[in-house]
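Accompanying notes for the structure given below.
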Amino acid sequence: MPELKSRLLQALIAIFGVLTIVFFIMRLSGDPTLLLVPDGATAEQIAALRHVLGFDRPLLVQYGAYLLDLARLDLGQSLVQHAPVAGIVAERIPYTMALAGGALLVALGVGLPAGLAMAVWRGTWLERALAGFVLAGQSLPTFWSGLLMILFFGVYLGWLPTSGSDDLASLVMPSVALGAITMSSFARMTRIAVLDELSRDYVAAGRARGLSYGAVILRHVLRNAAIPVVTIAALEVGNLLAGAVIVETVFAWPGIGQLAIQSIASRDFLVVQTIVLFVSMVYISMNLLADLAYGVIDPRIRRDR
Amino acid sequence: MRALAFSFPAMLLAAGVAFAQPKDTLIVDLPGDVATMDPHLQWDTESYTVYRNIFDNLVTRDVSGKIVPQVATGWRYTDNTTIVFDLRSDILFQDGSKLTAEDVAFSVRRIINPALKSPQLSQFDQIISADVTGPAQVTLRTKTPYPALMAQLVKLSIVPKAYVEKIGDQKFNQEPIGSGPYKLRTWQRGVQSVLDSNDSYWRVKPPFAHVTFRAVPDIPTRIADLRTGRADITRGLTPDDAEALKGDKSLQVMPVATERVAYMFINALAGPTKDKRVRQAIAMGVDRDTIITALQQGYAKPVNVVLTPANFGYIADIPGWKFDPVAARALVKQAGAEGATVELLTSPAYDRRLNEAIQQMLGEIGLKVTITMTDQPSFLRRRQGSPEEAGALSQGRWSCACQDADGVIFPLFRSGSIWSKFNNPAFDAEVDAARTILDATQRLVHYRRAFEILREEVPGVGLFQDNAIYLARKELKWIPTANEAFFVTEMTWQK
Amino acid sequence: MIALSVRDLSLAIGRTNIVDAISFDVAPGEVLALVGESGCGKSVTAQAIMRLLPAAIRQTGGEITLGATSLSNLPARAMRDLRGRQIAMIFQEPQSALDPLATVGNQIAEALRQPLAKVRAEVRQMLVEVGISDPDRRIDQHPFELSGGMCQRVMIAIALIARPAVLIADEPTTALDVTIQAQILALLRRLAAERQTAVVLITHDMGVVADIADRVAVMYAGRVAETGPTAAVFATPAHPYTALLLASIPRLSDVPKSALAVIDGQVPQPADYGAGCRFAGRCPRADRRCVAETPALRPVADGRLVACFHPVGG
Amino acid sequence: MRRISLGTALIFAGLLAFIVAAIGADVFASNDPLRQSLLLRLRPPGTATATAYFPLGTDDLGRDLLARILYGARASLMVAALSVSVSLLVGVTLGLMAGWFGGWVSIVAMRAVDTMLSIPAILLAVLTVAVLGPGFFNLVLVLGLTRWPRYTRVAYAQTLQVAALPYVRAAEMAGCGPGRILLRHVLPNIAGPLMVVATSEFGLMILFEASLSFLGLGIQPPYPSWGSIMSAGRQYVVRAWWLTAFPGACLFGVVLCVNLFGDWLRDRVDPRSQGR
């Protein structure tokens, strides 16, 4: 438990660091007043709006006010949309979650079997073919593969909708584009983990007591190999959310990644800060979860806790 | 897939239903999402496109661009700063309440109240008061005689006083109620807004039962949507797209000349362009015709001034600078500016190709153009900052949405304006005079003199009148207008 | 009666022979020690018997017979059925030969091909037999909760629970403390005798051989150098290699007059195996014939076989 | 020395081609990558005029696509190499110090790593570009200063291991200062794993540069980058496929080669992980 406590403390420090960095970077980039006024506003009108919005206060005062609001769990109001930030971001989260979920499904569904197959059929043509596939997935620029997919499956074949977010069909292409890189890391990690386990004595011992190779893998190897894979899976969820920024832009997917890019462009500070805060909290809690998951998988750790 | 969609989160259901009978529903692909549904807040094209169909305005423009009554039946000046509006009394809001003079006065007061923090404040802050002066009459007063008032009022939507006061500004933005032909059913931020027809609308019967405005930022995706029939109409096509799609049998490309003028700003107060000869050389060095034929594919009309024929105050017979690279080069040499570095400030909002083309054209007359691209806020900060940091050149596409010269050359070139990097008392006097008299003929005299000064001093070069290019399914009938308004009531399915 | 018979077994990696026509037999209840330095091919021999050779190693010749069944051409499926039931194996490092994430009881039950719940009593009884105290608690524990000695007892339980005819023990005590070693060996000895299991004990430790083996086969560089009853071989080693190997064991009775006897040189690598006796390069008795010709195993006194042209005392 | 297989030879050939193309862009390009001919816009590959030949066609301002791709290779190479150097320098310095001094130095460094890693890299880059403005040097800075944490982690873990080795302790006893020990004894011993990380980051940096340029935040016009060529070409996907296809394929190929090289290098540095 003291271990968990110190991990939580570390997580809090990291989150505090994130919101501080993002706050100051955002403020250094200038405020949104100029974007809000119509063409032709005078300098006085702009100054007046800036004052009303509170951007003429010293930076540290603004920072203090932000922290104070945050401490009261008030994420503030969007300057562009004139609505509570929490609501604006919360509305987009399901979309990003659906996308990340789809991508994770692709990554796990393809990456784990591919990694397992590469380890089990090591040195065969199958391994080489899969290795090529995995490396290709890792080397594909998402914005390019996304474009190619839209062109081929959307426009040319007409199988999948070219845009939109209203049914499962429109989730397919963005999920594949986003899942490709994660799929590669899963496959590589699974391969390494399974290879590591396959070389252990308990595999030979299991076969020596009459288990088939497949049974040894199913009953013993997979569970042992899962330990390192779970760690990377947790980290990859964070990477998926980051990757969603590009994919959502290419596929016009209305998640928080797209919202983040738009909000940076419109200097909608609080929206950006809230999104980054959310993503880093997901990332950090995923790490914590992975640690806890060890305990479930690995009895050695369960005992230590 | 369809069956599976129902197990998917409820957020996705609405759209599935909307697709059930496509002919009932007009689907519009917009480049972005609505920022606010409250018509007194954001005034970007996307928001305006959507909420303008939910609300009625005091006055509006007809297809030809003329200002005509909508909620008002007529108006008259009682003196230079006082204008009286007579109102209709047969309009109902979508909640069944009656639209009264109180609502009109409230709408004006609301938008000019600084507490609302409306970004549109500067367009209306010439108004100092709005009072109910009869059962169906409202009187507005302006600080000074203000000829652009009517043009500004075209953008003023009437909101229901009782409802707004009851639910508050924030809630009103989420669940707006107007008196327009359509009412808001759902608004999924970042995704789409779905409107239902208001069947008791006073003016006409709304042509579609539902209208869906979807946010699709990517042009190729919008085009693909049109081709695959996922959407019926979209806007924001480039001339290249328009050319490529001309032959498509199921689609129609609809260009319309707008009041938006493409121009090149030239800093007259700092850097190498402080020298008038360099500015004139730039005006002669830009090959407007090649730009229009090659880059705009003809979807543009050259202008000699920084204004379009769609605006009041456009003087057609002011001569432009003829394209003459040899003379331009000589002039640059004469000014001792040969090889001088000229910074072109820009942002992703502006046509990248035009910047690069101009960079090369000015390179040929001996100026070394460097392009500095920043994002829009940073661009604005520099462009509107001091002359020293505003860069020597930048491309612009200006529309005041008021179709009046006052909304264009006053903010762009009047000294003291944040956009202006030009200081010419004679010019200032002309535009100042033109904005405080109501007589049109007199105003034109002032604008002619103002444009003559601009022609000589070149603090900016007019390039062309921009086109808005819409793409629609063949079966949709509609005529787009110069002010880029998007009235769904003007559209129908073709037989 | 013979429980396991290995005839002329040859193994190769690619074209390189690593085990060259070795033969031996084990009777029920008998312990045969396969002894030699590391790299002499004893472990791959064990793997070959189990038909669990790594993919790179092929059996190039010979015949392995378990009871009446020839293993060499048995279908994989049938071979799998024999493993654990007819022929079992225990490993050098008990802790790594057990799945760290599975409970002891579950792993023992696997040898019976039954879920633990069904055979719990049997498994518990087996734990008692291998000398694990508190079996009711241990049965649900994980390997990391057990000491190395206990883990090896568990391995023995896994190997013997299905009462196989043959047990192959690959260096079963090498990784254990000396005191534990003796206990484990005694346990193996007792269970083998009780259950009439034939044991092939693979070791490099002559001390272990002396403790437990009925018969011994000394391997050198992929061949059997000498084989015979343990007592006889220890008393009068016939092969020069055996003699030197025995001389290198420190004994309590030895007065440390000089440094321990050391065998000069190194075991040749399989790729360097030439014609002739493979020990010739290190053999004090080698002559020209030893280098040119391969000595066959031939009988000497006391039912022993030796592959040497110039046996010690012969 | 192992024999080099055909596959490995191909990887090296690919990388070499990339580097040679990048360095020798001016030699190989027969046309000026900046020279526009507005009347020859969007011409397909193989277009020839009286004065020029465009093997890969022209872009939307009538510039030679081949020349732009070659110069784009140079941009990719330079941005990736420089930003990897910057983050290597920052990350390794921090990691070495954290691993050697431990205590609060390591606490501060590792918390900073946590913080940086938990902000989505691309968002951080977009944000930073918004402050600094786009452009070549800013791009290098942004990528370099946001991508150091991975090196810090590796350097930290490796330093902890190496610092415990007897000869390092011996050097310390002999009175070597920490700077000398870290540079002379620790760094050479942890260079292998760092090189492996740097290679995979190199591939990532090429992708990042392209992504940022694709978003319009990278290399600025008129100078070409694969990302910005594609960003411009995206508008013309249907009409002028070559604008996205060729730079996309180059990007894919180069990153693939870099990743393959990374695998090869890892096998070399850590033979235990053979073929992983």
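Chains here go by letter, A, B, C and D, matching the order in which they are written, and residues are numbered from 1 within each.
Going forward, a residue touches a chain if its C-beta (ideal position, glycine included) is under 8 Å from a C-beta of that chain, and two chains touch if they have at least 3 such contacts.
Quantities reported herein were computed from a predicted structural model and do not represent experimental measurements.
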- Note on the structure: Every chain in contact with both chain A and chain D is listed here as B
- Would you identify the chain whose C-alpha centroid lies closest to the centroid of all protein C-alpha atoms displayed? A
- So which chain is farthest from chain A, going by the mean of the CA atoms in each chain? C
- Task: Identify the chain pair joined by the greatest number of C-beta pairs in contact.
- Result: A-B
- Item | Cα-centroid distance, chain A relative to chain B, in whole angstrom | 38
- Separation of chain B from chain C, taking each centre as the mean of its C-alpha atoms, in whole Å: 90
- Just give me the whole-number Å value for how far the CA centre of chain A lies from that of chain C. 53
- Go ahead and note the Å separation of the Cα centroids belonging to chain C and chain D. 55
- Item | Per-residue overlap in chain A, given as positions that touch at least 2 other chains | 29, 155, 249, 264
- Would you mind listing the residues of chain B that make contact with two or more other chains? 218, 220, 375, 377-378
- Query: Can you list the residues of chain D that touch 2 or more other chains?
  - Reply: 130, 234, 237-238
- Which of line, ring, star, complete or other matches the graph of chains that touch? other
- Item | Contact pairs between chains, per stated definition | A-B, A-C, A-D, B-D
- Task: Under the touch definition given earlier, write down the residues of chain A that touch chain C in their complex.
- Result: 123, 200-202, 204-212, 219-220, 223-224, 297-300, 303
- Would you pull the chain A residues touching chain B in the complex into a rising list? 29-32, 34-43, 45-46, 48-49, 52-53, 80-84, 88, 91-92, 94-95, 98, 150, 154-155, 158, 161-169, 249-252, 254-255, 258-259, 262, 264-267
- Message: Which residues of chain A touch chain D once you look at their complex with the stated criterion?
- Response: 10-11, 13-15, 17-18, 21-22, 25-26, 28-29, 122, 135-136, 138-144, 147-148, 151, 155, 188, 191-192, 195, 238, 241-243, 245-246, 249, 260-261, 264, 272, 275-276, 279-280, 283-284
- Item | Complex interface listing, chain B residues touching chain A | 1-2, 4-5, 8-9, 11-12, 15-16, 19, 29, 32-33, 35-36, 38, 41-43, 114, 117, 119-123, 125, 169-170, 173-174, 188-191, 214-218, 220-222, 224-225, 227-228, 230, 375-378, 380-381, 384, 398-400, 407, 410-411, 416-419
- Task: In the complex, go through chain B and note every residue touching chain D.
- Result: 218-220, 223, 238, 240-241, 244, 290-291, 294-295, 348, 352-353, 355-357, 359-360, 371-375, 377-378
